[in-house]
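You will see chain A twice below: alongside chain B first, and alongside chain C after that.
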Partner chain A sequence: MTAPPSLLRRADATGGPQGAGRGRRRGASEHVSGWLFASPATVIIVLFGAVPIIWSIVLSFEHVSLGAGGRFAGTANYRELAHDPVVRQAIGHTFIYTALFVPLTMIIGLFLAVAMNRKIRFITFYRTAAYVTMAISTINEALVFLWLFDPSYGLVNFVGHVFGLPPQPFLNSPSQALGVIVVMTVWGWTGFSVIIYLAALQGIPQSVLDASSMDGAGPWATFRRITVPLLSPASLFLAVWLTINALQLFDEVYVSTQGGPVGATTVIVYYIYQQGFQYFNAGYASAIALVLLLITLVVTAVQFRAGRRYVNYRS
Partner chain B sequence: MLISHPKRADQGISARRPVRLIASVMVFAVVAIGLTACGSGSGGSTGANGKLSLEMWEGYTGVEASTFTHLVKEYEAANPGVTISVLNVNNDDTLTKVQTAVAGGSPPDIAYLYGSWAPNVAEIPQVVNLSNVVKRPGVNWDDFFVGERDVATVGNKVIGIPALVDNLAVVYNKKLFAQAGLTPPGPDWTWDEFESDALKLTDAAKKQFGTAYVTPESEDSVWHWEVLLWEAGGELLTPGDKAAAFNSPAGLKTLELLRTMAVEQHSMYLDPTDSEYANLFNSGKVGMLVTGPWDLSAFPNVNYGVQVMPSFPGSSAGHQTISGPDNWVVFNNGTAHVTAAEKFILWLTAAKQVKYFSLKTGDLPTRTSVADAPGFDGEMNKTLPGVSTFIDNLANVQQARPQIPTYPKISTALANMVVSVLVGSAQPQAALTTAAQKVNQILSSGSSG
Partner chain C sequence: MTAITLPPRQRRRLRLPFSPWHLVLLPASILLIFPFFWMLITSLETQNESLQFPPVLVPHKLVPANYPNAFHAAPFSHFFVNSIVVAVVTVLANLVFCSLAGYAFARIRFLGRTPLFIVLMITLMVPFQVTMIPQFLIEKWLGVHVVAAVGINHLGALILPYAATAFGVFFLRQFFKTLPIEYEESARVEGASRFTVLWRIVLPLSLPALATLAALTFLESWNSFLWPLIVVDNQNEMTLPLGLQTFQNAHNTQWPLLMAANVMTLIPMLLVFFFAQRYFVRSVASTGLGGA
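And then the complex of A and B:
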């Protein structure tokens, strides 16, 4: 560990008390220039991130009417929230949705990533195709799925009919509508998990896999005992990222069912929208939003804790 | 090694903490200055050229937009002291944007706002009460249809001048009626005929439906049903809007009719998207639609007829409809602006301009004198075939939705009720009971929260 000669010479020349003083000044100006570089992003994050969060915390303790501003309400919004059956249903729907969406997206993504992690013809095309779903706007995606799942004219029921299945009501059924939203969003997000897994797969050294097969492990054992554990940081990242997104489901619901039929797809963020922008209860909507924030924090903390046990990269 | 590492990191952070604190205080200061600057801007008084500039928010598109622009130019030419700065806003979002602008102290001078928001709009302190303005000579307030005036009036306030009016009627496919051997509906038809026509127009093999109903969980599912309730002789709420009144024999009759068509006879296509029904009608897959004049231009492939809503046999309430009028609302940005804004919207909604706008766009006229003028129906049908029935149907607007701030919440409860019957997840009486309970709870818990 020897410093390059030029640096050594520099250090010699600036030795002594004056040199130290210059060093301190350089430190201060580094701070200033550092903040100058960081400040545009910081201002934007504070302005559009921190300020609204703090403001919504304030709002959640107020009764807010249109234009007339807020009037202090104490914990009234939170007390109402505790007894609001729709909040309970919305949290339930959100959890059911998350429990289906996150594992499905990860498993299908892993399957496709493994299938694409090999040298076959047109592999670039397949990889692009898998990611294209991420580039399509949610609105277009939802409209296409509305057609696919149309009870009378949709392709899904047509294919089912060919195989002798009875037609399903899909979005017109309180028990099936959330399932359609799951399918819609899994399709939209799989490309993302494919890319993450593909990158992680390519980071696994071939030598490790070769060593495993030399030790007599079959392909399945190698996959299960070597590949999947080595992918665990990517899995943790996907689990956290997809969960946060799932807890904030809104667009697909807004475009396809508006929370229906009979409230079956009313998830937390949709209910926040309804309270805030249809019933004009900004205070109550903010209170629900903070509950969602708490739920997100708790779920993410649990995931990281579980990750500490199962992620195999730190040793 | 492993134990000491986190500690060292901690020390590093604590040593830098004061700098971070100072920096974040500075950032907050910058943000605060920025916010203040945003708040004090706009207000838009007289411009540099000495002209008064009115800021107007509206959501017109297509031919409505070009016709509106033409009228604005005409007004500016005749009133050189005023310029009108028009901002195009999606109508669905206008109230939210107005809310933000009011909070920031810079509302527009005039905004186009949905009639269903009227009770909420009335709560905004900056909204100008026009009750004396509409009494001025020449305004001829009673010339506006009663359904429009009802919606523009909240308590003792007039919160706006009618900008648009529409209503619901039945649009039917003449070819499908002929193929099914049916005579087209007459002006005296009943819901019994509607139901049996719908069944005869249904052909499962061709995937053809007698009629359609929109089932998103929104007001669109509700106002179609409210007409049925009124026609059956029912009321939504008790007088004074104190409690639910729709859990009645009339209410039951309406939901049973919907259940028969949607669940038992499968003659009603249910459309949760609120948009496919128009494509299906235009493709000849749906025989009859309950809809408004705005949809007519979406049916170029169909030879359609228009008839008023059927009545319930034995009900004295006859043929009714519901109207969704929208308003031009004026906000207080100082006397000079309010005076200029009032003058402009009174001009815009005067008979001459209403007639011009209707003939160009096919939108229904907001004034009876325009609608009743001889020859007007014929001219309108040239712009938009069949629209004259909708104009005549304005006379069947006898009631309005309750003008209370909690209506949006009530609407969700009613949407739940109607949709639960249509998708077969609840029986009509059970759905009525549940919805009535919810509505009573909303009404008793007051306007806020």
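And then the complex of A and C:
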């Protein structure tokens, strides 16, 4: 390798010994510039990310209100939450919601992505119709579904009426409210799911699909045996990502039901919010939040373990 | 690659004048965009027509006045400005801070790099709900003891905790590591400073990654609800989602007014979306393809 001319010129100008000294100084200045570059982001992330993790663990062992200082409470918060029926219900609601939301979003996303993975007329319109749901905020989304599912004047009851169904109470009914929240969030996440699956579908080489059909496999068999396994990394990513988000459901509940009716949509994060910022039990809220963290870690770990068995990574 | 030429694939026996997939995609697309239509129709109805069953599908009289009425019923102009300020400052801060830190973690061997990186990665895994209470207490303390502008009920409280994210640092670090190191090394040999290398060589090569990070950060900031709900209760400091929710509380069953507000608050995001659809789509796709 030959040095670029400008380097030669510089070496001539500065001379040998100075160059060696420069190298040693550069070693020390590497540490300085490394820390200089890293520190603005690090300070913010440590202050608002790392410190709060430790602090919330400390808070969870204290009786502490948001305003004042706390006192040590041992495991009282944890013993209390183990016997708190609302905690149990909130975890139950969160699990039911997640079990409905995640598979529905994935199946609808996969179906639409497969349908959209072809060059036909209006395909840009079809794709945009799916993607655009992503641009809408959770609050916008909740508001419009609140109106669509209004028990008295909502359009959904009217459609039911046309098909001879009696009007439904929807968000006013303890048995239906969570289902309506599933519908609105599935709609809101469809665009995301479609994008992920479409990107993955476009990564499957046509030759693989051609080989399968040449071997006599029909379209359905090709889909089941070739496409779905090849999509499994995308499916695992979606399952994990959607589950983490589902466990953190809050915005739609806050806007549409405030946890009601009679607590039917009180999910974990809503209860954390209530305890922390309505009743000001910062310690108790922190303990519940750490339970949420534990649940998230366990569920994600289970998904990745299952993923190791079922996911095909191409090298 | 084999040299065998493949026989042309067999044609479909039944031939519709159009692809049968239209039969699936057309209704599905209509269903997906229908909530937008219904928002728009309701926003142009009179209050009376909105409260009828069966619902009025085609309003007899259009009432565009719902829009100015909604706009003046709450400080929406404040909400807009606040949302834009918070989102833009957050995006810019992330681009600067995450580039600097991402570059340090990718290329500079400094003392404590690995432990520091591990700490950042741990924060990435912990959900916001776990840290929000201490975050609130820290903001409150900072506002009282350090700078009022980042305290409770100030826009700074909405920006500061998100001015740099572990995701952004990690994302850019991964991208910088994929760049060929030769350009940087020869520039260094020629005496360029670390900062010059980052500014003149690395960042110009990283525009797609920077655009992706900007798009994701913008979307996240613009739609954020829970954190503003916690730290802001003064109307003048509210961002759009929180302002809209407050407006909803005050105008419970005035659906035309509510939907007018809903459409108004949606328009900026829709414009950004249509303008930069390809970037958004690529950004989201990249989170699934090894970005995250």
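Going forward, the second predicted complex is superposed on the first by the 268 of 315 C-alpha atoms of A that agree within 3 Å, B and C clash if a C-alpha of one lies under 4 Å from a C-alpha of the other, contacts with A are read in each partner's own complex, and residues count from 1 in each chain.
The rule is short, and it goes like this: a residue touches a chain if its C-beta (ideal position, glycine included) is under 8 Å from a C-beta of that chain, and two chains touch if they have at least 3 such contacts.
Keep in mind the model is a prediction, meaning the values are calculated, not measured.
Taken together in the superposed arrangement on chain A, chain B and chain C clash.
Applying the stated contact rule after C-alpha superposition, one finds that A:259 touches chain B and leaves chain C untouched.
Of the two partner chains placed around the shared chain by superposition, neither chain B nor chain C is touched by A:72. Between chain B and chain C, it is C that contacts the larger number of residues in chain A. Once chain A of one complex is fitted onto chain A of the other, the partner contacts of A:279 are limited to chain B, with no touch recorded for chain C. Once the two complexes are laid over each other on the shared chain, residue contacts for A:238 go to chain C alone; chain B is not touched. When both complexes are overlaid on chain A, the residue A:33 reaches chain C alone and has no touch with chain B. When the two structures are aligned on the shared chain, A:304 is found in touch with neither chain B nor chain C. In the superposed three-chain arrangement, chain C is struck by just one stretch of chain B from 27-35, 45-53, 63-71 or 99-107, namely 99-107.
On chain A, the surface patch touched by chain B in one complex and by chain C in the other comprises residues 31, 35, 42, 46-47, 51, 66, 150, 152-153, 277. Taken together, the chain A residues at the contact with chain B in this complex read 31, 35, 39, 42-43, 46-47, 51, 63, 65-69, 73, 76-77, 80, 146, 150-153, 169, 171-174, 256-263, 266, 274, 277-281, 283-284. Those residues of chain C whose C-beta lies close enough to touch chain A in the complex are 6, 9, 18-19, 21-22, 24-26, 28-30, 32-33, 35-36, 38-39, 42, 50-55, 96-98, 100-101, 103-105, 108-113, 116, 119-120, 122-123, 125-138, 160-161, 163-166, 168-169, 186, 189-191, 194-195, 198, 219, 222-223, 225-226, 229-230, 240-242, 244-245, 248, 255, 258-259, 262, 265-266, 269-270, 272-273, 277, 280-281, 284-285, 287-289, 292. Those residues of chain B lying in contact with chain A across their complex are 19, 23, 27-28, 30-31, 34-35, 95-96, 98-99, 102-103, 120-121, 123-127, 207, 209, 215-218, 269-270, 272-274, 276, 280, 285, 405-406, 408-409, 412, 415-416, 419-420, 422-423, 425-426, 447-449.
The residues of chain A lying in touch with chain C in their complex are 3-4, 6-7, 10, 30-35, 37-38, 40-42, 44-53, 55-56, 59, 66, 112, 115-116, 118, 120-122, 125-126, 128-141, 143-145, 147-148, 150, 152-155, 157-158, 161, 187, 190, 192, 195-196, 198-200, 203, 210, 213-214, 234, 237-238, 241, 244, 247-248, 250-251, 254-255, 268-269, 272-273, 276-277, 282, 285-286, 289-290, 292-293, 296-297.
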